[in-house]
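Two complexes follow with subunit A in common, the first pairing it with subunit B and the second with subunit C.
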Partner chain A sequence: MTDTLIPEETPAPRQRFSWMYALVAVPLVIAGMVFWWGYNRAQPHQFSGAVIQGSTAAPDFTLWSDDGPVSLSDYEDKIVMLYFGYTHCPDVCPTTLTDAAAAIESLSDDEAEDVQLIFITIDPGRDTAERMGQYVAHFDESFVGVTGTEEEIGSVATLYGIYYRAGEGTEASGYLMEHTATLLVIDRNGNLKLVIPFGVQYDAMAADLRYMLR
Partner chain B sequence: MVDITTEAPQASSDLRLSRRGRRLLVVIGVLVALVVGSVFAFVTFQPIQVLPRVRLAPGFSLVDSQGDVLTSEDLRGRFVLYTFSYSACETCESIDETMLEIQQGLDTADLRGFPVSMVTISIDEEETPEQMAEYAASVGADPDVWRFTQVEDARFLADVVAGGFGTYYEVVDDGSIKLDRSFVLVDGSGIIRNEYKYQTQTSDSERILRHLGVLAEEAQNSNGPASLAYEAAHLFLCYAP
Partner chain C sequence: MNRRLVGITMVLALMAGACGGDADIEVSDIWGRPSPAVATNGAFYMVITNNTDAADHLISASSDACGVAELHESMMNDGVMSMSPVDAAGIEVPAGGQATLQVGGLHVMCIDKQADFDAGETFDLSLEFENAGTIVVEAEIREDL
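Moving on, here comes the complex of A and B:
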């Protein structure tokens, strides 16, 4: 008897419940999304190097690879990693290039497509364009190695904060180069944004690149 | 009668949910207000001030008045104040006076143990080390703190001074040199943190000494949780005047 008195469906209260639930849930979801967006935007990423805030354009240059002239401006809309070293470098340069290659390798294909490393020799007397091309290919096929005249290299290096000096010796006997070993990162707007010191691991570099690619 | 007993709990449930939701919204609102208020207070009152990281200082190799080589790598880890001059300059007295005031003020400045160097780079390619030594002595430079130098390879003088440090100079036809009097402050990572065009309205030396203190404070707090507050100060442009 009692069963017959209870309606089989109670659509009205159910609708009211959904309506009230939506009244609370929608603002909550919006507030959550706003908070998450703000949190991600405001939270400073801990870069692995020194961040430059100024928006001065990185100096453009044109140097030579084994495929012809290469300018910084050829890579607009890409993140450019600039590294100054030389192919006879026994330790610092191959270590840095290996780490940079591993960092790019750890990115997704789409992300890696937007990153370009340019290796600039500070030893133009020995590093020909062909030699530079062969050298960088050992690390990553996408890397570009460039050389130029002493004046061109000296000027570009100075403007990018790079000091270098040849040690004792000749081309025949061999010599080492003393040089600044920082890895420079230029953002997609063409501004020098990050100066990574020697010794930063590839995963930290990759995190920086991912952050800059967002 | 039965309808009443079945609907009453549902209505009560709606009421409880609504109250809970409103309470939650109030809590979220308070939290958002607190965050926004904190950011506003941080930006307005600037409890932490920093100097902007303007751009990369140039790389160079200099030779000082003693004939010793001084490179940009040698100066890593130090705060360095650069200025540009030459011994025959007739309008550089004001620059040298400011540099001397800073040299004298370093002893009492709050630098928290961070080393500071001062470097004058000659823009006269023909200047000899002897001339520079005489010039340095005449302005009272302490060679342990303030070094007078010349770019080792004159081919890169313009790249260093004009391109790197952004200081205008020009050698005119009669051999004289036009020079934009300026100072450039560089941190231990080789990044330019401020540029000062010489002016007479306020004391450059007081401002630069104060800025050295700001740099030292940031460098001291560059590790650990405090560094986040300093990064926030950079993010919100809390720059020392």
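Moving on, here comes the complex of A and C:
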């Protein structure tokens, strides 16, 4: 008896209802995704280090690589990364140079061509130009390693606010250097833009470089 | 009766032998970064777990890969990195706890590397503990990005 009370047309209205639901929901979801994407793109880039606001011209300098003199002004129109360290460093310097190399490696070929890293020794007593050249070549073919006299190194480090000092090591290790372990990034206009602290992973560095190269 | 007794004793002995339990000191994830011969010094990192109920200390290390191996600690103060040798007491591994040697911190400093460190290579590292004695481990050279 209950069978006769159920009208046959009931299924049809339900089908029409699902179609309309989909017609409204799908554009809404797409609109939401487009908005989210646009919103994210409009956000300011989050840098991995301290940003130097305004224009602070990076002072030029000339130091010595195993290929001859190297000046900051040799790399106009490129992003230059400066790192001050020493080749007897077992832990911190290899880590930073490995991360910087990986960051540059992850860029496109065009982008990578516009980035130059210069490794400046704060241990000129032990780091000759030849030694610096062999050391940086291990991390990336494009890296340049430079040294100078104690005075030359001292003056460049001072210009860039880099502190360094020889500390006591052991008989086996010899003296160990303490030094500011930041990676300085100079933009393509020759302004000091970014100070990246030790420990930043290569992908965050790469994101900063890509942003500065856009 | 004898055969069964022998059989049961053998099974029990085997079971007792299998129940070795955890070693007193376990060293895991021993690694170092690739570096060329011209990089005089290298570093090894690892995690040391102490399964006993008394603190132990890693007091020294040595390896054929290093002229001399020493225990050092990197420290960061206001952006300035420094490093100093660990004192004679060594690196403490607390009872039932761990000591971690990692980038930017405690490490075995491999002074005067005797070889290139190439990714994929392994080197034997001999670790001397105050209580647990000498433990030889294998360090792997890897990129670790």
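Simple rule for what comes next: the second predicted complex is superposed on the first by the 167 of 214 C-alpha atoms of A that agree within 3 Å, B and C clash if a C-alpha of one lies under 4 Å from a C-alpha of the other, contacts with A are read in each partner's own complex, and residues count from 1 in each chain.
Everything below uses one rule, namely that a residue touches a chain if its C-beta (ideal position, glycine included) is under 8 Å from a C-beta of that chain, and two chains touch if they have at least 3 such contacts.
It should be emphasised that the depicted structure is a prediction, and the values quoted were computed from it without experimental measurement.
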Partner chain in contact with A:Q53 - subunit B first, subunit C second, else both or neither: first
Touching partner for A:P94 - first (subunit B), second (subunit C), both, neither: second
Partner chain(s) touched by A:S155 [first = subunit B, second = subunit C, both, neither]: first
First, second, both or neither for A:L192, with subunit B first and subunit C second: first
Residue contacts on subunit A - larger count, subunit B or subunit C: B
First (subunit B), second (subunit C), both or neither touched by A:Y202: second
First (subunit B), second (subunit C), both or neither touched by A:T170: second
Residues of subunit A contacting subunit B in one complex and subunit C in the other: 163, 178, 180, 197
Residues of subunit A that touch subunit C when the two form their complex: 87-92, 94-95, 98-99, 102, 131, 134-135, 137-138, 163, 167-170, 172-173, 176, 178-182, 197-199, 201-202
In the complex with subunit A, residue positions of subunit B that touch it: 2-3, 6-7, 10-11, 13-14, 17-18, 20-22, 24-25, 28, 32, 35, 39, 52-61, 71-73, 153, 155-156, 159-160, 163-164, 189-191, 228, 231-232, 234-235
Complex contacts: residues of subunit A adjacent to subunit B: 2, 5-7, 10, 13, 16-17, 20-21, 23-25, 27-28, 31, 35, 38, 42, 44, 46, 50-54, 56, 59, 151, 154-155, 157-165, 178, 180, 184, 192, 195, 197
Residues on subunit C engaged by subunit A in the complex (per definition of touch): 33-36, 38-43, 67-68, 70, 72, 74, 76, 79-85, 103-104, 107, 109-112, 143, 145
